[in-house]
Every structure is written in structure tokens, then in C-alpha cells.
Amino acid sequence: MSELLLETVNLEKRFGAVQASKNLSLRIASGEVHALIGPNGAGKTTVIKQLAGEIRPDSGAIRFDGREITYLPADVRARLGIARSFQITSVFQPLTVEENVSLAVQAHKGHSFRFWRPAAQEPQLVLPARWALERVGLEGRSRVPAAHLSHGERRQLEVGMALAGNPKLLLLDEPMAGMGPGGTVKMTELIMGLKRSLTIVLVEHDMKAVFQLADRITVLVYGEPIATGTPEQIRINPDVRRAYLGDEQA
Amino acid sequence: MRGFIVTAALAALCSISGNIVASAPVKIGMVTTLSTKAGYLGEDIRDGFRLAMDLEGGMLGGVPVELLVDDDGRDPGKGKQIAERFMQRDGVKIMTGIVFSNVAMAVVPKVVRDGVIYISPNAGPSALAGKGCHENYFNVAWQNDNLHEAVGQYATDSGFQNIYLLAPNYPAGKDALQGFKRYYKGNVAGEVYTKLGQSDYAGELAALRAAKPDAVFFFLPGGMGINFIKQYAQAGLNKEIPLMGPAFSFDQRLLKAVGDAAVGVVNGSQWNHDLENDANLLFVEAFEKTYGRMPTLYASQGYDAARLIGSALKQVGGDLSDMSAFRAALRKADFASVRGAFKFGSNQHPVQDIYVREVVRTEAGDITNETRKKVFANHRDAYAAECAM
Amino acid sequence: MLTLQGVEAFYGSSQVLFGVDLQLEAGSVTTLLGRNGMGKTSVVRAIMGILPVHAGVIRFAGREIQLMPSYSIARLGIGMVPEGRQIFPNLTLRENLLAAAANYSGSSEPYDLDHVLTIFPKLGDRLSHFGNQLSGGEQQMLAVARALMINPRVLILDEATEGLAPLIRAEIWRGLNILKQKGQTILVIDKNLDVLLRIADHHHIIENGRVVWSGSSARLAADDALQERYLGV
Amino acid sequence: MNPALSLRKFVLGTGLVVLLLLPILATVAGDPYLITLFSRILIYALAAVSLDLIIGYGGMVSLGHAAFVGIGAYVVGILAFHMQDGSALASWPFELQSSNAVLVVWPAAILISASMAALIGAVSLRTRGMQFIMITLAFAQMLFYLAVSLEVYGGDDGISLWSRNELPLIDLGDDRAFYYICLICLLIFLYLSDRLVFSRFGRVVRGAKVNELRMQSLGFPTYRYKLVCFSIAGAGAGLAGVLMANQSEFVSPSLLHWTHSGELIVMVLLGGMGTLIGPVLGAAAMLLMEEVLSAYTEHWMVFLGPFLIFVVLFAKRGIYGWLSGTGVESE
Amino acid sequence: MLLFLEQLLNGLQLGVMLFLMSAGLTLVFGIMRVINLAHGSLYMVGAYVAATVFLHSGSFILGLLAAITAAGLVGMLVELLVLRRLYGRDHLDQVLATFGLILFFNELTVIIWGRQPLFMDVPDLLSGTIEVIPGAPYPSYRLAIILAGILVAAFLYLLFNHTRLGMQIRAGASNREMIAALGVNIKLLNTLVFGLGALLAGLAGAMAGPILAVESGMGESILILTFVVIVIGGIGSIRGALIAALMVGMVETLGGFMLPALLRLFLPAATADGAGASLASMSVYMLMAVVLVLRPHGLFPVHD
């Protein structure tokens, strides 16, 4: 493995009576696709939220790119190079596809206290946006309001926005959710294409896609990692099979 | 299609204008408060004014007049806007009607500078009586302090030694207590300013009781007064400590809403329905017949304003081309006021008698005011000297 | 007992059900299988009147119910254990059970508090805890018990074992077995095919908003290719 | 061409021509009051447009916007008071004389309104939704009571100005000149707002309205942008207040009353929020309706109330949306 | 000290009144997520109907009963005709529509009852004073208000915590879909809840009748305070409404009484009185601003 990009040390998070993260330590190398799997309610999205800075862990630490980021707010982390997509699609519906992406570009091009020039006419926003749209295969739809996109296209746009800032780390929260098989294949190819050029933390239910994409997989149950390893190691791990992959006796 | 609607709307808009009809009647613009809680004040001023016109068959002083009325909603900006409409669109040369001092302060200085005669049927802020007096500004009611001064004098005359004072925290409230203290010589047991528009006075009443005064003077116009008097009685204070105030909290319409709680309260007024003069007998009877209710002092002021205008119109024969003649005619105050003797001082504010009245329950069961005593004769306001006129 | 014919439904402007046909026989345990996002939960929501049905007919107990409001459908005797449990967090466990309790099937031996506690005895210790203080397993048992408290003719369970520890799953399956013995009509959505093959009588597989296969446990168990194609991991 | 777009041009064009020619039309029609009425409409429109910036684009529903109008007006009023009085504005730490010059008073008023908006916004923007509505109301009420208690400046009676502010070459006392000043102010503010909405800054604010969390995860510190937007709106409202004070030559606490804030919201919604032009139409519609209805009945509110409900229930996009047929996206 | 105790009692009484108003409003907001500015109008309807019935029958109790019935019915009518269409809509729409309702109701009362305030007196039984605190006779009517408030709070507590209807209402507040799927007619329940809130507002209005001027627009002053209360308490929380109502009642009463006294310690009397009165009128809003800065969702947040 190459150098370490992201590391979490013993993250703990409780919501009332529910332990959402427990003893959570992850080490993710640069260029790796690291999948988080586990049953619903295992706290996968909670991990993403803690990494993105939307919620703070009760204890533990997060280090990214050699820097402690445990208590940095989300927007600062985004500018450091952490981008995420959301489980429930949350693109900006009233804006066009290109505007959505160029908004994401804008976040990384200095401050936005610029009141005069129409943002739609700034090449330094528009060009990287078009590049990102090409990478996710939406270049033909750039003038369409995001509200008019199909579900699958919105998920593509979601990834495109995450890519637009040229992040070092991409957090993908169920990118295949709600997609038909065709869409899943397309999305898998898309993520495959991103592999190596950046580091990805992937939360996904579609096991086929996970085993195809991931370099390493961590299995969470009740917020606690019960195993980490390559897809092959995970596939044969008896604990994992019992807890998640569905090989049980009633 | 929609384009057509837009055009039509614009056309309709333009048609709002251009309705100036050259007509004989003299137009009088009445900016008054008809909506909000204080709406009944403006209603009475308007009805009093209309009564005077109706009695002359739509004329004042034999001259046909047209009364334009609009509601300022107690909002100075709105009042100002209406006044401008009256002046600019309707070409009004005579205005009246404003109930509240803050609206008057917004409207009056500007309109009198623009050559309109303004006759105040109610508000009489000190600024307009003193330094800010103007030849086009006449007040036919009182200067704001007058009624408070009368009660102050009454308190002194009656030998009260320790009086508790209460008014809302705004200029008229401060002026009121100032006016009272100008003629009251005893000790002030407490001076409390309440929130403007306050509805519950439990806190003030408790403090008041604790201060053990031998009387209470309060100025709380409109609904605030109703609340205060009711709560004063409920706290049992009306049996222990006499209450006094200006007429504003004891007009006939408020008394209906206050009920027995007000009985026994002494209040200062320049007018009462039982004043024995011919003009008043006629007015009270006609008002009751026309509107089915007893007139208030506001109605009397509206009526007097109309009669004053009528007297002056008569003298100039309805010709307003020479304003100085009209002004001179107004200054004579050549009309029979419902309050008896009436004339203008140097600042064109009333020089008049002021009485104290007492709220009583009549044999018929009505609650009303009875005139008790004339406190001032030919009383002048305190600001006339500051007026350069 | 419950039949769906050509049911179509939309979320906003995107269609999720493209003509679903489905039958549920009285006293049977029937499953609805399929991968995530294929429309299983949408079927349940359409039956319950939560998701408006644009075309097609849903019949229950001899009446067309596709246009009825949710509460009327429930009163006809359909009880739902929704995906994600949807326990009322601000009610105690006891209140969760009692809030809507009724006897819509007109059963002579209706489920009441004591009765459902015999099926899920673990709930008995937690009666005064609020919904948000319960563990996932307890919430799930409560969700089943809560649906039973309205004495439904048909009980629908949507992913009732997802995210639960094996022991607790076993507890839920045990409860379902008891209900099955008592003749309760049940529609189950779940991923644990092994268990379902044993408990259920009849299966439907849904793919992209259509039922693409229906048949008995024996047929499904025998067809590995079918399992791999539609349900494989 | 897109029909909505051509209609937008038609409304803009016709409206602009009418507004430009209004003083002439009024003179021809022999009704100078129209000039006064339309000056007032322009001023309210300015306040409503500034409110639209935060409500329609920023998603910040403020029920205290009249406070900033009031502040702008009070700056004019207080300076005028000291001019009339001949007293110094401040004697400590240094002697500061008052002024009556547009070029001094107006920028000062705008600056002070914007700073107060920044102050109030800094606190209020910690909340959102219903709480934001109420906290902005709370601050406006505090300022209202503060104004009532400013005894020196007339308290509840307010301040009467003896003349309008002074500008070299132009006599603001002339209603026509003043009308054009109002028109210019509105047009400039509209143009600036239009630029702003489509600039980088505007995009961030619009994005934050749709999904603030998402904006943060993209890397935008949204709080700062919303605060600046709130202050800009405060500046616009302050300018409206300046004009209002000059037009009526009077300033009083009633300007800050919460019902005025409510009225401004009504104008924005009635006209169509998030459209900039909509609030102008809304302000015109409200004031004209008031003018016309109140001429027919003193109980005109009994019609206005149900009318507003009707607008909410059946004409969601307001007048502007209704004019453009299908309605417009909140773009 | 005596005075202070009496002021506490006054604060309590105002708090109780505010609680009656805010309980209904917070219920409606908590369950239907709808901002109802017209809540004050229902208070006004209560006061007007109570005063009218009182004037014609002379019976306070009859007036009270008529008031709560009328307010409840008007409330349900408003819910059916207008508010039901606003559930799930933007708060802004709700503000505008219910602002329209305020204008309508205010003007309607003027048309029906005229501009003159109506008269309503305390019932004879409660017209006297009682010395709860020795040396400080307190109006028995105000004590009755406090009692009524306590009874209503107890009633609401029992209704919500110990009846099935209450459980269903609470369940509906957290998850409408689910409670409907269990066979509860949530729409009807919403209308009833709205009616209950309106009824409480009507009760408050009727009880305020003998103390306050019954006039058009009387709803607005208490409406704003009511909103302050529910925002401080945490929107949707009845318990929060109770505590915040008492807080606001105390601050409002004690502020007006103590602030001038406090300022007199280091300012000349006249200045202190004026400044104190100004500060007192702002104090409630300051309280709200401080609470919201520290706890943006209020003291007892129900929903995030």
C-alpha cells in the first residue's frame, strides 16, 4: 500500500441510546477504493458524516493528509479536498446541470464575494465544470434544469459535483441506491474510471458493485468494524457471512 | 392575451387620475382614524362634522360643501399620503380631522406651509402651539395639556396632597403629566410610565397600592384606559383611592365598555352633554336622533370644527381665493360653540372654560358624566407666549 | 384475499410501479422478493394508500381499495410493519401499542396487550420506555406487535429483520412462525431467502416495478438460476 | 423565443416607459397626486425588492425588514433635527456637525442600515425557519420600542423635517425631481440586484436557499454569504427609508412597526418572490388596491384579507408568475 | 417584599393567560407544522362572543360557554376552508394566508359589532378581592384565571398522556403516515386538534373580556407575545409553552416594576423612569433573542 491519506482513530458517536460509531478505526491509503458495508442501521452514513464534518464524533480523532481535522467544519474540509455525494440525491434542482457543477467548482476558486460578473460567463468556472460533466457522462445535458433529470442522471450529477472540485478524497454514500441494473452498471463503470486518480470511500448495498470496485472492505455492525480486508478475505470471513451476507439458520 | 391585460391594467391605472370636476361645493378634506382600535374616535369626529352639514342641508354657513373622508389607520405616513392626495388631486384648501398628535405632526406642518388651512378637531401638540405655530393652523379643541391642567388645578383646589401619576411612555404621556403638575401643588407619590398599548396593569396597580397615595391621576387614552379602569376596580382600589384623569378615558362610548367601574371618577373636560346652552341642546338632541347614541367630546369637537368653518365661509361668501380674508374670518370664531363661550388666543388655540365632570349612574341606569365644577375660566395654553404670531 | 392488478404508481414524475400483479391467499404466508430499489416498498405503500395509485386495481375483502385513504384501508384489516420500523419515538412502548389498538378483523380472540406480550415476551420489560430509547431489535418487535394490535386480516412486513443481530432475527422469525400457526395471512418482504423458503408458501419476485416471477417455495428453491438472476448477491 | 422571456421584456419595457413618462402623464391628466402616489410605490418597491433578495433568493424569511427602513429614515430624521436645532450631532469624542446634503446623509444612512443589518443578521442567522422569523421580529420590536423612547427625537410623535435633503443642481423639494430620484434609485438597485443574483455570490446564496448543508459540503462557508446578503438587503431597505423620510418629510416609530414588515412580505409574495420585478409589481398592486378599494368602502380590509388567501391558494407564483403563464422557476 | 410577592402573582396570572394562548398555537404548529397568525383572531372571537352573550343574558358562564363553542367552531371552519390546504406548504405561504385572515376577522368584527369596544364585567361571585398574601388584597377574578389555567394545563396533561386520543395526537405529530396506516383518521384528528387550540384561544379571550377592552384588533398584541412564548419554549412542546409562558409573564410584569427602580440607583429619577419603561418593553424580546442565541430551537425542542 502506498502512503496513508485518511485515518480515523477510535471514533465514538452516540445518538441517545443508539451507539452509531464504536471503536471505529480506519486507515485508508492514497488511491484506494475502500468500501464500507454492513446492514441498515450499522452506522455507515454516520461514518461518512463524521468524515465530511457534518457531525462531530464524541471522541476519537480524524486525520486527513497529515492534518488533524476532527473538529473542522464541513466547508473547510471540502476545501482541503474532501468531497461527498449524498445518499438521497441532493442536487440543486432549480439550477441547470452545468450550474450545479460549476457551483461546485466555484467553491475551490477562491472566495465568492464577487458580486458583478455573471458566474455563467466565467471560463474558469465553466470549463472545469464541463470537464467534470464529461467524466460522468452528462455533457449532453448541461443546459437542463437538474429537476428534469432522471434518477440515474441525478446520481451521475451528484458524483460530477463531487468531482468538480478536484478532491483528494471522495466519499460516496450509496451511489447506486434506487438505480435499475443498467444504471448500476453505468455507475460502476464510472467509479471504475475514477479509480487510482483519487481515493474513494464507498458506502454501498449492491454487493456485486462493491466486490467489483473495492480494494479493501470494512464491515460494520452496530457501528463497530468487525472485519477489514480485501474482497476475497471478506467473502470467506465467517463472522461477516453470519452477520451480513445472509448465511444463517433460523 | 396577457399583454393585453397588462395594457388594460395600465390604462385603468391612468383612469384613476383625471377625475377633477370643476364644481361649486367647497371641498373639505378630513384625514382621520377610522380603523384600528382607535377607530371610533375618528368616527365620532366625522359624525359630528357631518351632523353640522346635515343640519344645514349639506351646507356650512350657507355655502355648499363636500366632505372628503379617508382613514389614516393611525399611521403618520398614511395620513401624510392622504393629505397630499386631498391637496394635489382634489385641490382641497381646508383640512381637518386628525385624531392623533403623531399623525398631526406628520401632516400639519407641511400642509399649512403649502397654503392649506388646517383646523384641528382633536390633537393639539405643544410644538404646534408654541414655536411651530402657523397662521394657517387653527385648533378648535384644546392644546394637549389643557385638560390635564384642569385636573391638576382641581386636585390642588380639593386639597389632595399625595398623588400618584401614571401615563404611557410617549410624548403625549409625558406632556400630560407635565400639564397636570403645572397646576398641582402637592406631593407626587409616584410617577410611572407604562408601555404604549399595554393591556394589563396588574403590576402597576400593585405598585400603586403599595405607594399609598391619596389620589391617582392617569392619562391612558382609548382601550388602555378601559383596561386600566376595569382592573383598578377589580383590584378594589376604586373604593379606597379616588381616580382622576382627563376626559379622554371617560367619553360616552368608553363608559359603555367600562361600566360601573368608572362611577365616581373625576375627569377634566371642556365640554359635556349637560352644558346648558342653546347650541349644545340642539347638538346633543340632533346627534342622538341621527346616530342613535350619545355624543362624545370628540363628536362635539368635530361639530364645532364644522361650525367654525361654516362661520368663516359665510363671511367670505364661500370664496376662498383670498386666504387672508378667510383666515381673518376664522380668527373671529364667530359661531356659537357647544361649549359656550369660545375664542381664539394669539396662537389660534382656544381660550375657553374647562370643567371637571364626574362619572355617575343615572336613574335610568345609564352611566354618564355630570358636570361638577368650572375649574378654569377663559383658560389659555402655556405655549402661546412662544408663538411668534 | 388481497389482489393487485396492473398497479402503476409514480414518485413525483418518475414511475416506480409498472403494472404489478399479485395475489395473497387467506391464511398463507407470501413473500415479495427482489433487489433493492426494485419497488417492493412501493408496492406496500401502494397497498396501504400512502403512495397514490395511478392505474390498476387493488382488491381487498371484496372491495376496491386503491382510492381509499390510508386509515380506511387499515380499518378494513391491513396491518403494516413498515420498512425502518417507524416507531413513534415520543410515545412509550405501551403507548405505541395502545394508541391505535382495535379489532378490525372482528376476531373472537383479539390480540391485546397481554396477548402480544406472550408472542414477544422481551417487550414486557420495557413497557414504560420511550420509542427512541429502545434498541433496534426491540423497535422491530414492537413494530410487529403494534401492527398486531389492530388485529389485521392481513399483516404486511417490510424488511422486518434488516440490520438486526442474528439472535434477534431469530426472535422475529419465531414470532412469525407463531402467527403462521394461528392462521394469520402474511405478506413478507425480506432478504433472508433461506428462512423464507421454509416459512412461506408462495413467492413473488419483483424487478423494475413488475412482478416477473410467481411460484411456490419448492419451485423457487429448486431454481438456482432464478435465484442468481433476480436475487443474487 | 421563450414566451416567459418575451413577456418579461414586455412587462419591463412597458412598465419602464410608463414610469419614465409618469410625471408628464400626470401633468397632462392634471393630477399631480399621481406623482406622489407613484413616488411612494417606487419607494415601497425598493424596500420590497431588497426583501426579495433575502426571502426569494436567500430563503431567509425576515419579519423585521421594516426595522432597516426605519433606521434609514431615522438617520435622515435625526440629522435633519440637528440641522434645524443648530446643535452638534455629537460633541464627544470630537465635535461632529450635522448635515443636510444628500451626498453625506444618504450614504451615511445606507451604511448605518447595512451595519445594523449585519449586527442583527449575525445573531439571527444562527437560527432558521420559524425561529428566524421570530428572532428578526424580536429585533425589530426592540428597535421599535427604542425609537418610541427616543424622547429627544420626538418619541412616538416622531420628527418633522422642514425640508428635503439638498442636492447640488437638483431641487428635491420639487415632486417631479424627487420622483425621478426615486426611480433612479429603484432602477439602480434592481440592476445591481440582478447582477448580484447571477454572480458568484448570488449563486452561493441561491444554493444555500435550496440546500445549505450541501453547500457546506461543497466547501462554502454559507453563514458569511447569507450575512452579507442580509446586510445588502438592509442597505437597500435603508435607502428606501431615506427616500421615505424625504418624501413624507417626517419620521416616526410607526415606520418600524411589525405590520409594516408584514406588508413588505405581502408585497414580495403577491408580486412573486425570487423574481426582483415581482416585488415591484406587488408593491404597486398593494398600494393601488389600497387606494382604489378604500375609495369605495372603509371596510376594504374585509376584501383584501380573502384576496391574499386566494393568492396563496391559487396563484402561488404571484402576479409575475401569473403574467408569465406557467410561472417561472425561482431563478 | 409584599409588593414583590404580589408582582409574582401578577406574573403568574399573565403567564397563565399566555399559556392558554400558546398551548393551542404550539399544538397546531407541532402537529400540523403550520404557522397560524390568525390565532389571535380566535381569541378576539372568543372575547366578542362572550361579551355579546353576556350583554344579552347577563350570565358570565353562558358567555364563556358560547365563546369557547364559537371559537372552536370558527377554528375548525378556518381549518377546513383555508389551513388544511396549507399543510406542507412553505411557512411563507402560511404567514401570508393567515395574515389575510387577521385582516378579514378584524374588519368583520368592526362590521358586525361596530368600532366601539364592548363591555363585559366580572361575574358577581368573583368581583371582590381576596388577601392571599396578607396585606395585599388580590382580585378574585385574577385568581380564578390562574386556577383556570392550572385546570387547563392539568386537562391537557391528562388528555395527552393518559388518553388514547392523546396518544394518537402525539403519534400523529411524529409520523402522520404511520398513524394513518394504523387506522387513525388523522385528518379528522387534525381538525379536532385545531378546534381544541381555537377553543383554548376562545377561552383566553372570554376570560380576558372582563379585564381588557373587547375591541377589534385586540388579538394582535397578545399574538406577538404568544409567538415569543412558543419560540422560547420550543415549538410544539406544551411543556415548553407552559414554562416559557410563565417566564414571559414574569419578565413582562417584573421588568416593568423592577427596571425603573433598578435604574434609579444610578440615574436621575426622570431618566430612570423613562429608560426603565423603554427597557421593560424590550425585555421580553431580549429574553427571546438570548434564548434563541443559546438554544436555536428553544428550551424544549421537539423537532429538529
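The chains carry the letters A, B, C, D and E, assigned in the order they are written, with residues numbered from 1 in each.
Heads up, the rule we're going with is that a contact is a pair of C-beta atoms (placed from the backbone, for glycine too) under 8 Å apart; a residue touches a chain by one contact, two chains touch by 3 or more.
What you see is a predicted model; the values in this text were computed from it and never measured.
Peer 1: In this assembly, which chains make contact with chain A and also with chain C?
Peer 2: none
Peer 1: Return the chains shared as contacts by chain A and chain D, ordered by label.
Peer 2: none
Peer 1: More C-beta pairs touching across which pair, C-E or B-D?
Peer 2: B-D
Peer 1: Could you find the chain whose CA centre sits the greatest distance from that of chain E?
Peer 2: So the farthest one, by centre of C-alpha atoms, is A.
Peer 1: Find the chain most remote from chain D, comparing centres computed as mean CA coordinates.
Peer 2: Of all the other chains, the one whose centre lies farthest from chain D is C.
Peer 1: Per the centroid of Cα atoms for each chain, what is the distance between chain C and chain E, given in Å?
Peer 2: Averaging C-alpha atoms per chain gives centres 44 Å apart.
Peer 1: What whole-Å value do you get for the distance between chain B and chain E if each is reduced to the mean of its CA atoms?
Peer 2: 34
Peer 1: Report the inter-chain centroid distance for chain B and chain C in whole angstrom, where each centroid is the mean of the CA atoms.
Peer 2: 75
Peer 1: Going through chain E residue by residue, note those that touch at least 2 other chains and give them in order.
Peer 2: Expected reply: 107, 110, 274, 277-278, 281.
Peer 1: So which stretches of chain D touch two or more other chains?
Peer 2: 145, 148-149, 151, 301
Peer 1: According to the definition of touch, which chains form touching pairs?
Peer 2: The set of touching chain pairs is A-C, A-D, B-D, B-E, C-E, D-E.
Peer 1: Within their complex, state which residues of chain C touch chain E.
Peer 2: 48, 50, 69-71, 73-75, 79-80, 82, 86, 88-91, 95-96, 98-102, 104, 146-147, 150
Peer 1: Of all residues in chain E, which touch chain B in the complex?
Peer 2: My answer: residues 2-3, 6-7, 10-11, 13-14, 107, 110, 114-119, 121-122, 127-129, 136-139, 141-142, 210-218, 221-222, 253-254, 256-257, 260, 269-270, 273-274, 277-278, 280-281.
Peer 1: Residues of chain B touching chain D in their complex?
Peer 2: 2-3, 5-7, 10, 13-14, 16-20, 34-35, 70-71, 74-77, 80-81, 84-85, 87-89, 101-102, 105-106, 109-110, 125, 127, 169-172, 174, 195-196
Peer 1: Of all residues in chain D, which touch chain E in the complex?
Peer 2: These residues of chain D touch chain E: 55, 61, 63, 123, 126-131, 133-135, 137-139, 141-142, 145-146, 148-149, 151, 258, 262, 265-266, 269, 273, 299-302, 304-309, 311-313, 316.
Peer 1: If we count contacts the way the header does, which residues on chain A are in touch with chain D in the complex?
Peer 2: 52-54, 73-76, 78-79, 83-84, 86, 90, 92-95, 99, 103-104, 106-108, 112-120, 122, 125, 145, 161, 165
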